[in-house]
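The structure is given below, and queries will be raised subsequently.
The first chain written gets the first letter, and so on, giving A, B, C and D; residue counts start at 1 in each chain.
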């Protein structure tokens, strides 16, 4: 099948046009057609481009799959973008298995979530703005994965960061949301610092050796130049390779929320739930994994960097899983679970089984989007209260949500041999790869293997806390929202919050409240804070099942979560699609470890099963007192977990307070005395000179013209003298 | 035109340009000054066109594309000068009108707000 | 540099050039602004004729449309509008600038003429193709080779229009 | 097909020296104009009185046919009054300038398919030339207003200059659409293109531009603009007799007044000719392609041949007929519509005609691109879709601006300067 790969441009442009349309005409449309019909039309027009892009993506993927494996890298240049003296950066698009996988995930899951959002946001007055951002996000994400060079990737990278910022702060009148958005944005800058430095270093290296490598077209940032030439370039200089790889990994850490840059992700839950599902679970946070997959050659060249990746991934997986035990907000649990799962993906990438990382990205996109959307449905049913302590026995009221979420729960628990637990297939591949290989080494220590063991333990933890979440929400012995303590009614705002109540008495210098607001502005903002999405949840509340536009995506995602894993794994379909032959540097990798007492799947089965059973044992009867509304009764471990083991506080006080003190010192000493002094003196000097010169300005335009003419004549005379060789000139 | 040397056109343009320059200096009415500026612009236009038509002999050594480009360049400049002059007149006369409304007087020697 | 023989073309040029030069002088010598403007109209009109003799027919007609038909009408309009309210003439009293300006102007004329003596030799001749000023040729060049300057000029004109409206309106 | 006229004149004319030919062509244009102007004056007065249900001139000659001659004699022998304190040169030159464009515009009008007789000069830049010369017409009016040293005349001149500049733009844009469609500025090729199949599809009819959608819009705009350009009612503000006495020609009498008069009627005639040539198929009698019809219906072949023969030999007559039609439209408009207020005039020109003309121009470009690539049917569809989108947007914008600003002059921020004393003119709705 000869496909026209130029069609990929439509995939890129459709969401962009959607965003532009929503931005320019969305509001007018809603105004013109009336709120109800207008929102329906506007929502449809937001879903449509994504769905169309998905269809085109499917067609192109089929065409690509029909090609022999070694021809599946198609890079199309559409136009010149930046053309400097020796560097050319065209607008180019890469169509290969990696980018098409991501295109399908982004547009497929994205279309479902868009559809869901049309229902979820139906009450939102700023409806078109939401879909503008959402469509724009899809467009940026597609640029990120489809861009044929690192510069385009960077554009997409920043674009998704921007959209994430806009969407987290979508309800920006709520101060906590605005602060969460700021936190996400600023934390991501750290990652971008790494990404850009890595990019510069790589380009500098490539450019310096361009002649030896035979790169003639100056496209140093393009993948089809980097990937084939990186081996020759960096083989002899492991230190440089490690530096570049680690810098890129810093970028990936920021976007993919790895320790210590994971801080923003839990706070990002302040955004609307479809946003959490789309951006902060299914797509954007996986861009770090995509980056590592794209540039895997760099990491293959540096075992040290790979070991760092594995170590940080494993630590993040465990750390986040532990924090999840202390969370009472349903979305926060899912957020930490996302951080933890991202850790797994990095274990896979670091251990060398890059395809397994992507595999987990895909399955995770299915079940985590499902879980988030399900939690959104629960929140929707519970009058926007997100505290699990207020739930219980919801299975009776919202059966569809319950069933689909159970599927998601089972998928993330990763129980082998059950065939509908899609997480199991990808997680087995990751852990198998980590345990069987010795790629990620520092000195003689095989970091990868330790990471594998940590991952097994993490699987146990995952099953445990997910069981906790599911049972607290849907089962148990009583409907707890009917007996919320009075004191707690006021408290549930906190769950939207930024630092939680622990920061209420913690001073950050003068700017207590956030990064950008003064106290007066704060007061105004607090007064204007909208309350429309904070209905009271009291004893008389009756949860209702969500509308079809919301449970339909749930059902589809549930099917994907149940069947996606086994479909993609059967016959090594996914592995052969993404990585058909051995890796260029480290060669063939096995995913069958031989050094274990039992087969890996058995151990996983034990770990997962144990987690579920323990969870059932703990929470079968509902909420234990030790996790109740009274924080004083909590166990020390759980209280520490709730506060992220103090890490958030520490990071915040170092970064925000320390930065504030440093800036204040710079302001009061360096700026006021040093720089201002020089500038002011220069100003006085200029002023004094000007006072002298202004005497020349008579204000009579004709005099100016006359003087100009005289000047011109003087010039001409000189020229004439020169030409005719009169005295003083020479011909 | 047959028998007219390039120098004739250039000399005429030069004369017009000089008259325009002198006019800017000796007249006090800003509108007339403006007209003198237009006169200078037109003198330059005439020069452009004359040179576009009268090419030096060495231009014939170029290839056809270069020759075509060089003979069109003068006309293009004239078109752009005309467009810029139109914009300039629109804004300039607007300014004169605004000044008149403000001060009831447009003598250029009374308008010395630029005085330092 | 000077023509060898008198041809009909030369006579026509002499007539037109003479009118243009006299009209140019009239612009600065008439104390009445309306007469100055009329002289300028005449000058532009004759210039359009000279453009025709140079083969630039499109530009010649554009000269009439733009300068004679639009710009000069605007000038007349403004002169008359200002006169309508203030009939008194601006007094053109002499001062030192006047003789100085004339002398300087003549000096510039002489100096540039001296330069031209050297610059324009015999190797200039009417060598462009005869149809180089037709609408087809000019348009084709303008919309291909000079497309970007044209766009920029378009932006400039729009800004000019907006600016003059802002200047003219009392209340925005 | 060669007609009698061709056989008689072609060889003889082309054998003459070039300058004699040119003179002959010019005479063939100017003489009919000069002869027809008195007839036009009679026609206007009779038609106007008929429309207003009165008799009109009926004393001199049969049906008052000799009335214009009588008027002319009267004007010749009237005392020629020249006011004092005037700018004499300008005062005297103004009528001449007013007469000049009326005759000069006709230079590119083709009166028939006889290239050696008409037009006077078939230049490449015909339409542009027409626009350029018509833009000179304003000088006559403005200078007359200024030279008369009369407040009312001056105001008339001022009004004329603003009005003519404003309407020239819309006129140019409306013609630009036609030029875009034909790809030529030449009058003869525009007429030639109107003999092609209608809408590129209907073979039997001629593609007169007034029958095409864009041409119709252009024609309406051009018609309005040409009425404004000739200072005729309802756009006769420069000579509004109840406000400005007679505007710019208040101080003119006798022959000088007659020259203005003649210039106005000649301009009407010539503009009607331009309208006929550009929109009404030029010198063709009927919008039917006879040779195609004769192929389709052989029984009518004889009739078709006859009609073709008529077309060639009496083309000047058909052209004159179309001019006469245009003049009747002029008179009809004058009899029907009241004079516009000045701000209405400006607002019509700048806010309605110009945007519509520009949009029409862009839509023609769209139509051409689409129909060249995807065929005529798609071209027309895209043209109409574009037109509808523009209409919706335009009506939204205007209604929004009306809502925002209100309808009185003051609310719209317009004030009028009048002799030092400034006042805001209130409009009673």
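The working rule: contacts are C-beta pairs under 8 Å (C-beta built on N, C-alpha and C of every residue); 3 or more make two chains touch, one makes a residue touch a chain.
No experiment lies behind these values; they were computed from the predicted model shown.
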item	value
Longest centre-to-centre distance from chain A, chain (CA-based)	D
B-C against A-C, pair bridged by the larger set of C-beta contacts	B-C
Chain B and chain C, separation of their C-alpha mean positions in angstrom	6
Inter-centroid spacing, chain C versus chain A (mean Cα positions, whole Å)	63
Whole-Å gap between the CA centroids of chain B and chain D	33
Chain centre separation in whole Å, for chain B relative to chain A (CA means)	59
Residue list for chain B, restricted to those that touch at least two other chains	21, 25-26, 28
Chain D residues counted as touching two or more neighbouring chains	417
Residues of chain A whose C-beta touches two or more other chains	702, 706, 709
Touch-based graph of the chains, sorted into line, ring, star, complete or other	other
Which chain pairs touch, all of them	A-B, A-C, B-C, C-D
Residues on chain B engaged by chain A in the complex (per definition of touch)	21, 24-26, 28, 33, 108-109, 111-116
Chain C - residues contacting chain B, complex	1-3, 5-10, 12-13, 17, 20-21, 24-25, 27-28, 33, 36-37, 40, 43-44, 47, 50-51, 53-56, 58-59, 62-63, 66-67, 70-71, 74-75, 78-79, 81-82, 86, 90-93, 97-98, 100-102, 104-106, 108-109, 112-113, 116, 120, 123-129, 132-133, 137-138, 141-142, 145-146, 149, 153, 156-157, 159-161, 163-164, 167-168
Residues of chain B defined as touching chain C within the complex	1-12, 14-16, 18-23, 25-29, 31-32, 34-36, 38-39, 42, 45-46, 49-50, 52-60, 69, 71-72, 75-76, 78-80, 82-91, 93-98, 100, 104-107
Chain D residues within the chain C interface of the complex	87, 89-90, 123-125, 128-129, 131-133, 135-136, 138-139, 142-143, 145-146, 151, 154-155, 157-158, 161-162, 164-165, 168, 185, 413, 415, 417, 419-420
Partner chain A, residues of chain C touching it in the complex	97, 100-101, 104-105, 107-108, 111-112, 114-115, 118
